[in-house]
């Protein structure tokens, strides 16, 4: 089941650079693990921002909550979620 | 080059049903033609709405404008556009 | 799987009273059919408004879209959707 | 008398982890006490967020204020309240 | 139990003047009846607008819904509702 | 002359508890003094929030500014003001 | 007593040109009459818009309501009002 | 050339009182200097707020930027700007 | 003197196609005349919309108002204006 | 390919003055380098603000992201991006 998730990162300016680098590295590893597991199906940067547009493929709402709330950057992000389903005009196999 | 496009349809309540059906049929044919041409890469319905989330793959901003402004439903939609690019944490081939 | 759905009805002032009454009657029958089927788990009026707060229990996003987009009042409503899941502090059996 | 209450938690990033854990534990105990007392009728997590959707069942506005303002996380939450009442189309006993 | 209700009237420009006058007269009679019944405790015009700020004193949310949704201008108003209760610093008898 | 004033308190989380208690005590004394002087005619808590809805009765805009800007919590509040006047449908003596 | 009033005109596109011209002429006469009476102290066009910024000098809120609600364009305008008073740094005689 | 400028001051709560007093004194002197120079034509307090409404009379956009960005409180203010010009219905000499 | 002007066209759906074509043709001729006169310095389409971003070069606010309010599409557009001036980091001759 | 980029700087009030000066100097050098390279085609100050309106000319979305995210002030700015393309009414060579 697909969800569009938009995330905008806002690190507090007083966070030490090493701490920020550490969180970002953990975030990257976690994001790639979820991609390899087929849970994080797409991940794009929104050009000119510190935001991404993502497509998650999960079992249900509970799994979405588990995956998103465990993001290392979760406490520092504004997140919006849209549930998706097949569009009647879509002919792309990957859209289901 | 990728763009996320969100479209929300708002047909005027006084539009005759046949006219609405006609526009929607033309829209569907056009959307599928652009999908087959590889220009409209993804198309999802936002569940519980008359909106979609789409990913367009175009040559440049001018082609995006041409494709979107020729949508038969264009005069009846609220549309927002976000330019996308590869995310440094993405490992999905389809995200570039 | 649960979703909170908020619906605000906005009928065009020029709609004839009989037409409005007809749509509302069909809407009521449909809402009660979905409640009996266990799909529309809760339905409350927001006091002082022509809005409701609802809890849907569906198989997946696709079923949510099917049920909501078939509401007779769908073309005349502003609708917002929130995916829900069990809260770690909830002890109510009905919340899952 | 029913109210829908939406709460979004925003802890200050500089709060020490033990302090945050302490407040959350007190909050959980308090939330479960109110559920057992029949005052906090439903409690759901909004998937992909640090928010909840809740249904309170109270004597009057004053009791709502008392219960909500005593939440240990009250100073750290954005809260919105909607008064609810029975919907004419509802057939669910639990909705009154 | 008290509620603050703000109402902003927006009549469709195409409504005939006699029809508008008729609705307003019925609205006025209804508003004064509710005031005499002690249900509509305060009613002020917001200066420079076609809005009012009102204080309702009702048994519960259901009565608020009944009184407000029966306003003749109800279909033509944007309405917002805030549940009120006694403020710990208030010494005015009329505020409870 | 009447004004509706809505105030939402937002104390900085790092303010020491004693300092907060001190400001609140001064605020309470000041609010009650203005009520006794007939300047702060009504004061209600908005249920489920740290906000109030108030009705001020002042000589003119300048007095409103003087009274409001001297509130001990003034630097920590979001405040909105609406000038009020008699509503043509009001029959309540207290509304003028 | 001074108020800043911002007005944005939005005539319905279907209004006949002669009717619009008529309303505008009445509006102009009324605006100039209020200026001559010293009630409408300043009137500026916001460049690039169909809006104005105005300063009214009235006895009280009630007179503001009377003058503004009698504007011939009142039903076709979005209006916002701000009560003004002397600024402690102002040295301009005209600002009181 | 006239501009309406609205300024809302938001001093950080942790700023020491002497520092705040110092900035405000410099601001006041600067504001009065600009008024005497005929550049800051009007300055009003918005009643019930820490905001002002001002009318600047400058040579061009560049001078507006120079005057406003040199305000001692500039880093602590939210500022909005509207270019003004003569309204066709204005008869006040001071409005040009 | 430069201004950024953003315009979004919203034609009423019931406008006859010939009428719309006529207005657009007049608009185009007028826009090109202003470009040739050096008043409308830049004009870009916002991709995926019926909006433009423009840079006007005018004598003063009054000329901006005159040029913009005479646009044939003026009654059908949402317009926002930002006064511009030279940026201290700009080295482009055309930016002054 | 052109993009309109609006940037609003918001430095944390507690940043030391030397640190701020340092970042601004680096930003200025970087901005001028991109202008000389033909990537940052226009750069204007919005009068009365700490904001700019810019036109970037880049190869694609990825280059826009690279240039913007490397701005020294990037962590301290609110940024909005609009993809631009040639307007059918534009006759200015520089607009393509």
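Note that the chains are named A, B, C, D, E, F, G, H, I and J in the order they appear, and that numbering of residues resets to 1 at the start of each chain.
Going forward, a contact is a pair of C-beta atoms (placed from the backbone, for glycine too) under 8 Å apart; a residue touches a chain by one contact, two chains touch by 3 or more.
Nothing here was measured: the structure is a model prediction, and the numbers come from that model.
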For subunit C and subunit G, chains touching each: E
Type of subunit C:subunit D copy interface by residue overlap (half), same or different: same
Recurring contact interface, reference E-G, options A-J, G-H or C-D [over half identical by residue number]: A-J
Relative to subunit I, chain with the most remote C-alpha centre: D
Chain centre separation in whole Å, for subunit H relative to subunit E (CA means): 39
Whole-Å gap between the CA centroids of subunit I and subunit J: 22
Averaged-CA centre spacing for the pair subunit J and subunit C, given as whole angstrom: 45
Touching two or more other chains - residues of subunit B: 2-3, 14, 45, 47-48, 61-62, 64-65, 81, 83-86
Interchain contacts (touch definition) - all pairs: A-B, A-C, A-D, A-J, B-C, B-I, B-J, C-D, C-E, D-E, D-F, E-F, E-G, F-G, F-H, G-H, G-I, H-I, H-J, I-J
Parts of subunit G lying in touch with subunit I, wherever the complex brings them together: 11, 13-14, 45, 47-50
In the complex, subunit C residues that touch subunit A: 1-3, 60-62, 64-65, 81, 83-86
Complex contacts: residues of subunit C adjacent to subunit B: 3, 5, 12, 14-15, 61-62, 64-65, 68-69, 74-76, 79, 81
Subunit D residues touching subunit C - in the complex, by the definition given at the top: 2, 4, 27-28, 31-32, 35-36, 41-48, 52-53, 55, 82-92, 94-95
